[in-house]
Every structure is written in C-alpha cells, then in structure tokens.
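Consider the two complexes below, in which subunit A is the common component and subunit B and subunit C are the respective partners.
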Partner chain A sequence: MREMIKAKAIELLENGTVNRVLGWKAGEFFYDLTPGIFTSREEIEETFEYSVFSAANLSKYLIAESRKEGKIAVFLKPCDSYSFQQLLKEHRIWRDRVYVVGIACDGMCSMDVIRDKGITGVTAVEEDGENLKLTTLYGDKTIAKADALLERCVHCKSRKVVVFDEMIGENGEEIPDSHRFDMVEKLEAMTPEERFAFWRGELSRCIRCNACRNVCPACSCEKCVFDNDKSGIAQKAAASDFEENNFHIIRAFHVASRCTDCGECSRVCPQNIPLHLLNRKFIRDINELYGEYQAGSDMDTKPPLMNFTTDDCEPSVVYERGGKV
Partner chain B sequence: MKKVFAADIYKVFAKVSQKSKLYIPADDGVSQARFLPYMEGMTLTEKLNTGRSAKDLFFPQVENLLKFKVSGKQIEIVDQRDEVESFVIFGVRACDCRSFDILDNVFLYDEPADTFYKTRRANGLVITLACNAPEETCFCTAFGIDPADPAGDITAWKMADAFYFRGNTDKGNALLAELELVEADEEAAHQQQEAIRAIAEKLPFGKLDLTGFDKEHLMEKFKDPRWAELSESCLGCGTCTFVCPTCQCYDIREFNNGKEIQRFRCWDSCMYSDFTMMAHGTNRPTQKERFRQRFMHKLVYYPSNYGGVYGCVGCGRCLQKCPVHTNIVKVAKTLGGENK
Partner chain C sequence: MQVNETFTPTIVAFCCNWCSYAGADLSGTNRLNYPANVKIIRIPCSCRLNPMFILRAFQRGADGVILCGCHPGDCHYTTGNYYARRRMTLLFSMLDFLGIEKERTRVEWVSAAEGAKFAATMNEFVDTVTKLGKNKRLEDLRCAK
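== the complex of A and B ==
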C-alpha cells in the first residue's frame, strides 16, 4: 500500500496532473507522522510515509490549499472522504483544484492506545501482518494491530471512499453494525443527574487548547466566535464551570448534521475527553427525528438541520421524549 | 538518606497530608495521570509522568486576581488572593523540577516579582522522584538534567521494596525529620541511579544538538526560510503550550456579569491568533510567525535573556500530545546542529 501510494504521488506530479501532493511526512519515529506537502520526486522518496499511523485527516487542509495556484493531489481514507465531501457541499473546497486518490483502509493505530496498554519507550514499529513489532527501550514487544486501533476505527462506520478520482486498493462498504452508538445508548440510559455528572467530569478536564475545534473539518469558520473579542464570549480559559460546558456544547450544536463522525476531535484531545460522544448523540437523535442521515455521504441531500420540510418534528418533540418544563 | 518500605508509603502520605495539602501523581481514570490532592485510598500512578505538568500548582491556568462590586456610584474592590495555603507535591520528575527554575527567572528574579507565583513557590515543598523508566520522548539530558538525580527540596527514589529519600534543602530536611523515617544506606539509591543513567544513555534525543541556538545566531534563525515548511501543518491549537512546563505567557481578562466584574489571569498561547493583540493589530499575522515565536522563545530568546539557559526541559509532552506531531525536536533537528 505504502509503495503504491508513493508511486502514485510521484506519477501525478511528474505527469503534470498536479503541482503538489498532500500526504504524510515521516517523523522521528515510525508513529509520529505529520501532514505535509510534497513538490518533488526526491521529497516523496525520502520523506513521504503511509502506515497505520497515517491517522490525520487531510481534508481540512484543502480549504486553504485548493485556493492556491495549480492543482493538488490528496490521499483520502474512507472517513476522510466523508469530511472532504461535506466540505465540498459547503463550498469550502474548490473541487477542480483537487485530485483525490482514495485509499482503502483497515483502521489506524494510535501510540496513545499502545502506551495505555503499558508498552512504553517505543523507538521503532514494524508492521508485520496483523501485528505491530515494537522496538522499545525495554526490549522488543508485539501487539496485535486490532489492539492498537483508534476508537473510531474499532467502531468504523464505513470503509467506502465516497468521492475519488481514482482508488488505490479495493473500495469497501458501509458498516451498518459498527456499534458506534453503544456508548451513547449507555449515556441515554442514565438518569439526567448521572449523565450530568458524567459530562461534568469529562468536560472539567478541558484545558481549552482548541485542538478539537482546530482539527475539526466541520469547524471551518474563518474566525471562531470564541476567538473574536468583539463577540463578547471570547475566552482563553474557562472562567467558570458554565463556560467549560458552554464551549463544547455550542461547538457540538454548530457542527450537528454536518459532523461526519470522523473522530478527529477525540483523537487529538490531550485530555482524553470523549468528545465524539457528544457528536454521536446528535447524529443518533437526527437519525431518529429526521430519518437516517450520514453527513458527507453524497453531494445532493441537505443536512437535516440546514433544511426545512413540512414533516419535520416540532420543537415539542423534546417533551414527547421525556423533557420536563 | 531515609527509607520507607513500599507498603508504608501511604502511611507517610497520610501523615504529610494531615499537616498540609499533599499532591501526588495519580491516575485520573482516563489513561492519564495528574497531580491530585491525596486522600486515603488513592494510589500512585504507574505512568512515567502526568499529562499536565507540575507547573499548574505554582502557576495555575486560571487565577482570580480581584473582583469589583458595583453598587450605585460605589465600586468595592475585593481582594481574592487564595495562594496562601502551604502544600507538598510528591513525585515531581527531574524535568518538571527544572522548569521551576525557568519560571523563577521570569516570575521571581525579573523585577517586579510576581507575588502570586512567589507566594506559591514559598508555600510549596517539592519532593522529586527519579525516573525509573524514561520514555522515548524524554530528552531532559540534552539540557543537562539528570533523571536519576532530580533536584527539589527532597529527592526520592522508588525501588521494588522501598522508597529512599534525601533532603536537599532546610525545608526538605525539616519535613524528613518530622516524619521520623529510618536511616538507610546510600548504596541502594546509587545502584538505582546507575540503572536509570544506563537507560538515559539510550534515549534517542538525549544528545539533541542545539548548536547555533543562541544570541549570536538570533537573526539568522529568525529569518530561516524553513519556518514556512515546519509550520505548514500546525493547527494553531494551544496543546503544546498548555501541556508545557515552561510556557509562561498569560493574559489578564475580565468577566462581567453586570453586577460584578471578575478580573482573572489565564494562560495564553502564542499559537493563538489574538496573542499579544495590540491596538494596531498583531505582528504575527499567520501561523508561521506564531509557530516561530514559540520555538524562538524556547531556543533563542530565553537563552539570550537568561545566560544561555534554554526554555525547554525535554519532558516530551509536546512530542506525545501534538495532534500533528510537529514539535521542538523536529525544529531543532531541522534548524540546528549541523544544519545551522
């Protein structure tokens, strides 16, 4: 896969299809890849890397990149392609300046997950079939890829690249039984007090680094209201418990019905807050109230919360679902 | 040197916490450790270090300064200082302990001293803990820090059967005397130190070459065209700055609820678009300038201002936490050493 991707990147540059390529750059270790732009064969040969650690979703970079001169090639995994298509729909990416190479994906691994299993000091990783062979400061270790997957990949919703100019590997299918709403169901089964306590516990760890917002493909405002001093609600730290909650809830509302559940928010959170659960709650509610909807899966449908039809549910649905006055 | 059997360490914690607040690194239930006030039943983390740094206890993310209460034409000013409590912090690693020296230069020795920080420093007693199992992201040794022999008021070593303690300051010795611990031979700790140093020797960035990061090369580094490439993937989030033990920038802001105005200070991040915003706007209009500011501050400006001491302690948190894995090691390797 890695070699095919690198060869494709070189081919697209050299045959003039594009003048630059967006991919992942090798880091100091096998696992610390950084999104990067490549403009020459030499750069690609030396530093382009694709592995189970190419987790970063490249779609959002195309908002800026597609506004530059020439055409750019990008490699999109299935979940990244949903984000890309959603951004196309929102007219945030200029489609004619992007050449999309879809890549089949079996899931991405995370060094945080590996560390959490008690394996530390990892200086090198080698993919070996279904396993990762780890060289550590404390001897060699092996871990199954399946045990090192990101949460979003454990509960992968789709292996289908939804928009591409060409594919590398065989395109997959949607996965209806992903179990991605299992935890949401557990939260729904809690009493309001328990649920409140759960979220207070999680959100109180927030350090307001804004990584979730800045990585989020659905958060594409030129200037976020929370960064805008003139908005009256700009804040660099939570001055109160209320504000801590406010930021995340406002964000979840703002991306509701546009969030594709790419999982980047939870991947990047330095405090391990399961932010994806807020988004999944919205997705589940939207499915229930407006009919099954997957953001980014096509170019035609309107996101339910950005659309009006006469059979939309009434606001009073809140009470029908157990809400109290 | 004093000794406490591993089984008795929580008795020691209980005794210390009766007298003053005690913080220990404990798991927070979500695969991270953090400094939490000790309570009975709590256990020490097995993790090497805390997700957030020990800086938080001396320079908290948010600190209330004062409150204005308005009634009619009267404005009442309410002093909200609350940093008077004495506390002990156990388990600070060598890197985080060195970060206090870096913060001291800015908050204590530069005039005027920051009295909030000063009081917390005076009220805090630091017990460091040598690092038995450094991680690949650790590079404190590049800054002359010895993970086998950290500083602090008291230094502790954890062995299979016991903890060993050595007092380094009058304050530290006084606490050890109060605890009435058994005397121990220094040899055991020495063996532990040798084992740690053998691992430290193998750290991939332990000898990170920082040649050329100095006052003499300031403009050369500043103008280096490679900042553009280094910063191209930066998301502009504040993760690196907020997990950093040496980042010290803050903003002073107010929260007005119509009746009261709460004035507080909070950490700021040079990665943010409104960092040091002035009347004319900002002189760091793109992420390239913001990114450059952070690393120039750590590797060039700080050493230029404080006798060659770098503003980084090699704790490796930014290496582990950056969402796109861009970090100070990559910057130093690209712009420094042979590449200078």
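== the complex of A and C ==
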C-alpha cells in the first residue's frame, strides 16, 4: 500500500495533474506521522510515509491549500472523505483545485493502545497480514492488528470513500452495526450523579491545549469564540470547573450536526479525554429526534441544526424521557 | 451568618422582544405576581439565544435559566423559534448527559396576550428551582458572591 501510494503521488506530480501533494511524513517519532506537503519526486521518495499510523485526517488542510495556485493531490481514507465532503458542502474547499485519491482502509493503530497492552520501547512496526510485527528494545513481539486499533477504527462507521477521483485498493461499505453508540448508551443508563462524577473525572484533566479544536475539520471558523481574550474563557489558567464544562459543551455544540465522527479530536487529545462521547451524544440525539443523519455522506441534505419541521418535539422531551432517548 | 436562611434562587428569563417580553409586561400591568428574583433579559428573538448565554448565566450565579419565545408558527421572524427549539432540545439533553440537572433549564412559549401564563410559568419554575437548591454543577468559584 505504502509503495502504491508513493508511486501515485510521484505519477500525479510528474504528469502535471497537480503541482503538490498532501500526504504524511514522519513526525518526531515514527508513530506520530503528521501531514506534509510534497512538491518533488525526491521529497516523496525520501520523506513520504504511509503506515498504520497514518491516522491524521488531511481534509482540513485543504481549506487553505485549495485557495492557493494550482491543483493539489490528497489521500483520503474513508472517514477523512466524509469530512472532505462536509467541507465541500459548507463551501469551504474549492473542489476543482483538489485531486482526491481515495484509499481503502482496514484500520489505523495507536502507540498508546500498544503501550496499554504492556509493550514498550517499540522502535519499528511492520504490518504482517492480520498482525503487527513490533521491534522493541526488549526483543521482537507480535500483536494482532485488531488489538492495536484506534478507538475510532474499532467502531468504524464506514469503510466507504464517499468522494474520490480515483481509488487505491477496493472501496468498502458502510458498517451499520459499528456499535459506536454503546458507551453513550451506557452513560445514559447511569444516574445524573454518576454521570457528573464520570465527566468531572474526564474533563478535569483537560489542559485547554485546544488540539481537539485545531485538528477538527468542522472546527474551522476563521474566528473562534474561544480565542476571544475578553471572554474570560480563552485560557485554562486559574480556571474553575465551569471553564472545562463550558469549553466542552460549546465545542461539541458548535460541531453538532456537522461532525462526521471522524474521531480526530479524541485521537489527538494528549489527556485521552473521550471527546467522541460528547459528539456521539449529539449524533445519537439527532438520529433519534430528527431522523438518521450522517454528516458528510452526501452533498444535498441539510444539517439538522440548520433545518426544522413544524412538528419537532419540544425541549421538554428531555425531561420526559429522563435522559434516555 | 444566618443559619436558617431560606434559599431564593436567581432565575434568568430570556424573553423574545415580540411576544414573551410583551407577555411579561402584560403580567406586570395586570398586577399579577411573579417573584422578583426572576431577572428578565430581552432578546430580539428566541433564536438569538446563544447556548453560551445560558452557560454564562449559570456561571454568574443563576440557579435556573428559562427561555420564552413566541409560540411555534408565530415568530416575528417566521421561523426563529423553530431553530431555537432544536438547539435547546439538544443543549438540554447534553447538560443532562453531563449530569447537570436538566430541571434548571426550560423553554416555554408565551404570547403577548398571555400575561397570566407568564406569571404562572415563572412561579412554577421558581418553585422547581427552589427545590433543587443552589446551582453547584455549573458555578464558577471565581464569580461566587
């Protein structure tokens, strides 16, 4: 796969389809691949990387990139393509300046998950069929890829690339029984006191690094409410619990009905706060109250929060159902 | 410090200019009683209510927040309250998901002619919030009095 992707990148550059390529390159460590822009064969040969750690969703970078001169090629996994289409729908990306290469995906891995399995000192990872071969400071190890997956891939909603100019590998299908709402349902079944305690435990770890906001394709406002120094909520310093609750409620609310559940926010959080649970709560409520909706899955349906029907339920439905839909 | 101090909640009522604010006015001119601890903030339309306004009201010491707007179908701007209805439904559900008492937030539709409904709604809401006691889960210690 890695070689096919690199060859495609070089081909698109050299035949003049595009003048630059958006892909992944090594970050500080080999397992934190970061987005990179490549403009020559040499650069691609030397620094382009694709592995089970290419989780970074590249679609957000196209907001700025598609405004530049010439066409850019981008590699999108299925989940990334939903974000891309959602941004197209919001007129944030110029489609004719982007050449999309869809890539088939069977899941991305996380070094955090591997470490949680008690394996440390990993210096190299190689895919070997269903397994990952790990070279570690303490000798070689093998682990099933399924045991090293990111949360979002364990509960992947769709393996289908929804927009592409060409595909590498065979396009997959939507996965209706992804069980991605299981944890939301578990929380809903708790008492409010238990839920409050659960979320204090999670949210009080937030250091307000804003990584979750910065990485999110839906969080792409030119001016963000949280950057307003006068608001008193721009900083974590000297904060009380209120600040954490406020940030997390508003962040999730601002992306509600546009969040494609791409999972990037939870992936980048240095404090491992399960932000996806907040997003999925909104998604689940929207599905239950206003009809099934998947952001980014098409170009023409209206996001539920930019839409209404005259017989929508009243907000009192929240008391009536006692927290559960 | 008094030990047996009775608790009077602070209530913030966001009222849209065209119906509910006039409804509140009417309840005043009709000399209907509603508690003085209900602070009314006039907004142009119920859909002007940014979810952050609600959180900020709690931050600054509100114990309950209620939004009043024109009845669905009667919004001065035709459709504002339909959008507000969806937003508030989802927001309240999220507050509940975080374990914050959902009874502290409410939406009621009050027309300009419903002075009596306005007073009754406020009396009832104040009772509910009084029973819940002080807002603890969304308070900001930096703003505590």
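Keep in mind that, in the parts below, the second predicted complex is superposed on the first by the 309 of 325 C-alpha atoms of A that agree within 3 Å, B and C clash if a C-alpha of one lies under 4 Å from a C-alpha of the other, contacts with A are read in each partner's own complex, and residues count from 1 in each chain.
Going forward, a contact is a pair of C-beta atoms (placed from the backbone, for glycine too) under 8 Å apart; a residue touches a chain by one contact, two chains touch by 3 or more.
All of these numbers come straight from a predicted model, not from anything done at the bench.
In the superposed model, A:Gly70 lies in contact with neither subunit B nor subunit C.
Once the two complexes are overlaid on the shared chain, A:Cys313 sits against subunit C while remaining clear of subunit B. By the touch criterion defined above, A:Asp32 lies against subunit B but remains apart from subunit C after alignment on the C-alpha atoms of chain A.
Of the two partner chains placed by superposition, only subunit C is touched by A:Ala197; subunit B is not. Contacts of A:Leu278 after superposition: subunit C is touched, whereas subunit B is not reached. Of the two partner chains, subunit B is the only one that A:Val122 touches; subunit C does not reach it. In the superposition on chain A, A:Ala252 contacts subunit C only, with no contact to subunit B. Shared interface residues of subunit A, touching subunit B in one complex and subunit C in the other, are 238, 240. The touching residues of subunit A, counted against subunit B in their complex, run 25, 27-29, 32-37, 56, 61, 111-112, 115-116, 118, 120-123, 136-138, 202, 205, 207-211, 213-215, 223, 227, 229, 234-240, 264, 267-268, 270-273.
Taken in their complex, subunit C has these residues touching subunit A: 51-52, 55, 58-59, 72-73, 79, 82-83, 85-103, 105-107, 137-142. On the subunit A side of its complex with subunit C, the touching residues are 187-188, 192-199, 225, 238, 240-243, 245-246, 248-250, 252-253, 256, 278, 281-282, 285-286, 289-290, 304-310, 312-319, 323.
Residue ranges of subunit B in contact with subunit A, taken from their complex: 28, 30-32, 46, 48, 51-52, 61-62, 133-136, 199, 202-205, 229, 232-233, 235-239, 241-243, 251, 253, 255, 262, 264, 266-269, 272-274, 277, 319-321, 323-326, 329-330, 333.
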